[in-house]
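Chain nomenclature is as follows: A, B, C and D, assigned in order of appearance, with residue numbering initiated at 1 for each chain independently.
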Amino acid sequence: MTRQKIILTGEALDIGRWSDWLAEDPACGAVAGFTGLVRAAQGLEALELQHHPVLTLQALERIARDATGRFGLAGVVLAHRHGRMAVGTPIVHIACACGHRRDALAGVSYMIDMVKTRAPFWKREWRTDGPHWIEPTQADHEAARRWMEEKT
Amino acid sequence: MKLHFEFYGPISDRMGGAGFSLETDAAPQNRAALIAWLSHEHEGAGALGDSHIQIAINDELVRTEAGFDLSDGDRIAFLSPFSGG
Amino acid sequence: MTRQKIILTGEALDIGRWSDWLAEDPACGAVAGFTGLVRAAQGLEALELQHHPVLTLQALERIARDATGRFGLAGVVLAHRHGRMAVGTPIVHIACACGHRRDALAGVSYMIDMVKTRAPFWKREWRTDGPHWIEPTQADHEAARRWMEEKT
Amino acid sequence: MKLHFEFYGPISDRMGGAGFSLETDAAPQNRAALIAWLSHEHEGAGALGDSHIQIAINDELVRTEAGFDLSDGDRIAFLSPFSGG
């Protein structure tokens, strides 16, 4: 009976509204969240996130389902932008609600680690000198692998 | 038969865009043969051999070790390593 | 140059506004948060949080300062209610902003663990059969101790 | 001299409320002596000996192993183990 919202959109993320929605469940004493935003950098004009028309949403759904089972979550929000975004724009928002803080926080960590390397997105920075693809870092790959190894 | 190719992420730069279509009478039945054939047709296609690039056929990820059986009209997508969030 | 808001109040927490405020810093690509709420339970009518008029705010300030130094945070919100609260009411809200997700998430975990056992609050449930003091759990004590041991 | 006692959390139930004041000519100079004296005056005061209970003098936490030097008008607070969040 998990409450969940999985959103893939080209529009601005409506973060406040989802947090309120998650906190409505009186059985949940803990709501943890994460928002990733376009970070200012020298010469950065915009960040572009490309996605796959079918596989990306499927991957987000699978990540949310896995987190729900693994951490016993009562509520999940996983929202991801695509398209071109200015500095300061939210790219991804994740929130987990459940009875206790440990599981809510772990659920958020798990989902952001998975979204970084296991969801079909491709990130491109538009800088003053042109476009540059951004690859996930080695640390990103290791973070995802660690979760796979410590199967609960 | 006609096959449609799609390229996602950095690999699309190497392949000169988001995709193209090709005709063939003898469709390749595994990843190595597919890339060898594409390399004939397109000079950037060697980069598709990178083992981190995943393949989806008709919007479904496939494990390419086992080989595959392509049909007329199939869409074969090459997905660069993901970088979300 | 950390931006910070430390709030101890008997009024409802204004969570949405602080999250927006934290996300305003364009140097921050990551904002993590946690909200603890009064969880519904059989016979629970209200939760009461008592505090100390001087020491409680000092402790919250110290926890935020320690987290800022330890995780290199660029922005911190630590807000805690006192008084009597109905089921579903936010008790504590924590948020951390910084360049990268790991530190933001760790900062939130650290602060909630510290708030549970190192800030002078006393929690009392008002149930249909009367008031009951709530002690921190063994797990709460261990969580706080772990942070002390793994000094960075 | 006059000393003011404050009780926070569960210990306030044992001490019958949030606080009281006492007069003395010979102020106790360490935690054990303080609790022994309070136990004379109040039957629940034995519970104050719990090592998890912290003491603050005039709104400042003190390490009580070293002893302390109380003055007229001092406020001595006994803080039950914390449970926030």
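The criterion applied here is as follows: contacts are C-beta pairs under 8 Å (C-beta built on N, C-alpha and C of every residue); 3 or more make two chains touch, one makes a residue touch a chain.
Since the structure is predicted, the reported quantities are computational estimates derived from the model, not experimental observations.
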In whole angstrom, how far does the Cα centroid of subunit C sit from the Cα centroid of subunit D?
28
The distance between the C-alpha centres of subunit B and subunit D, rounded to whole Å, is 76
Per the centroid of Cα atoms for each chain, what is the distance between subunit A and subunit C, given in Å?
23
Residues of subunit D touching at least two other chains:
85
List, in ascending order, every residue of subunit A touching at least 2 other chains.
36, 101, 112
Which word fits the touch map of the chains here: line, ring, star, complete or other?
line
Throw together a list of every chain pair that touches.
A-B, A-C, C-D
Can you list the subunit B residues touching subunit A in their complex?
8-10, 13, 56, 59, 61, 77, 79-85
Hey, which residues of subunit C end up touching subunit D in the complex?
36, 49-50, 52-55, 80, 91-92, 112, 115-123, 133-136, 140
Of subunit C, residues touching subunit A in the complex:
15-16, 19-20, 23-24, 26-40, 87-88, 90, 99, 101, 104-105, 108-109, 112
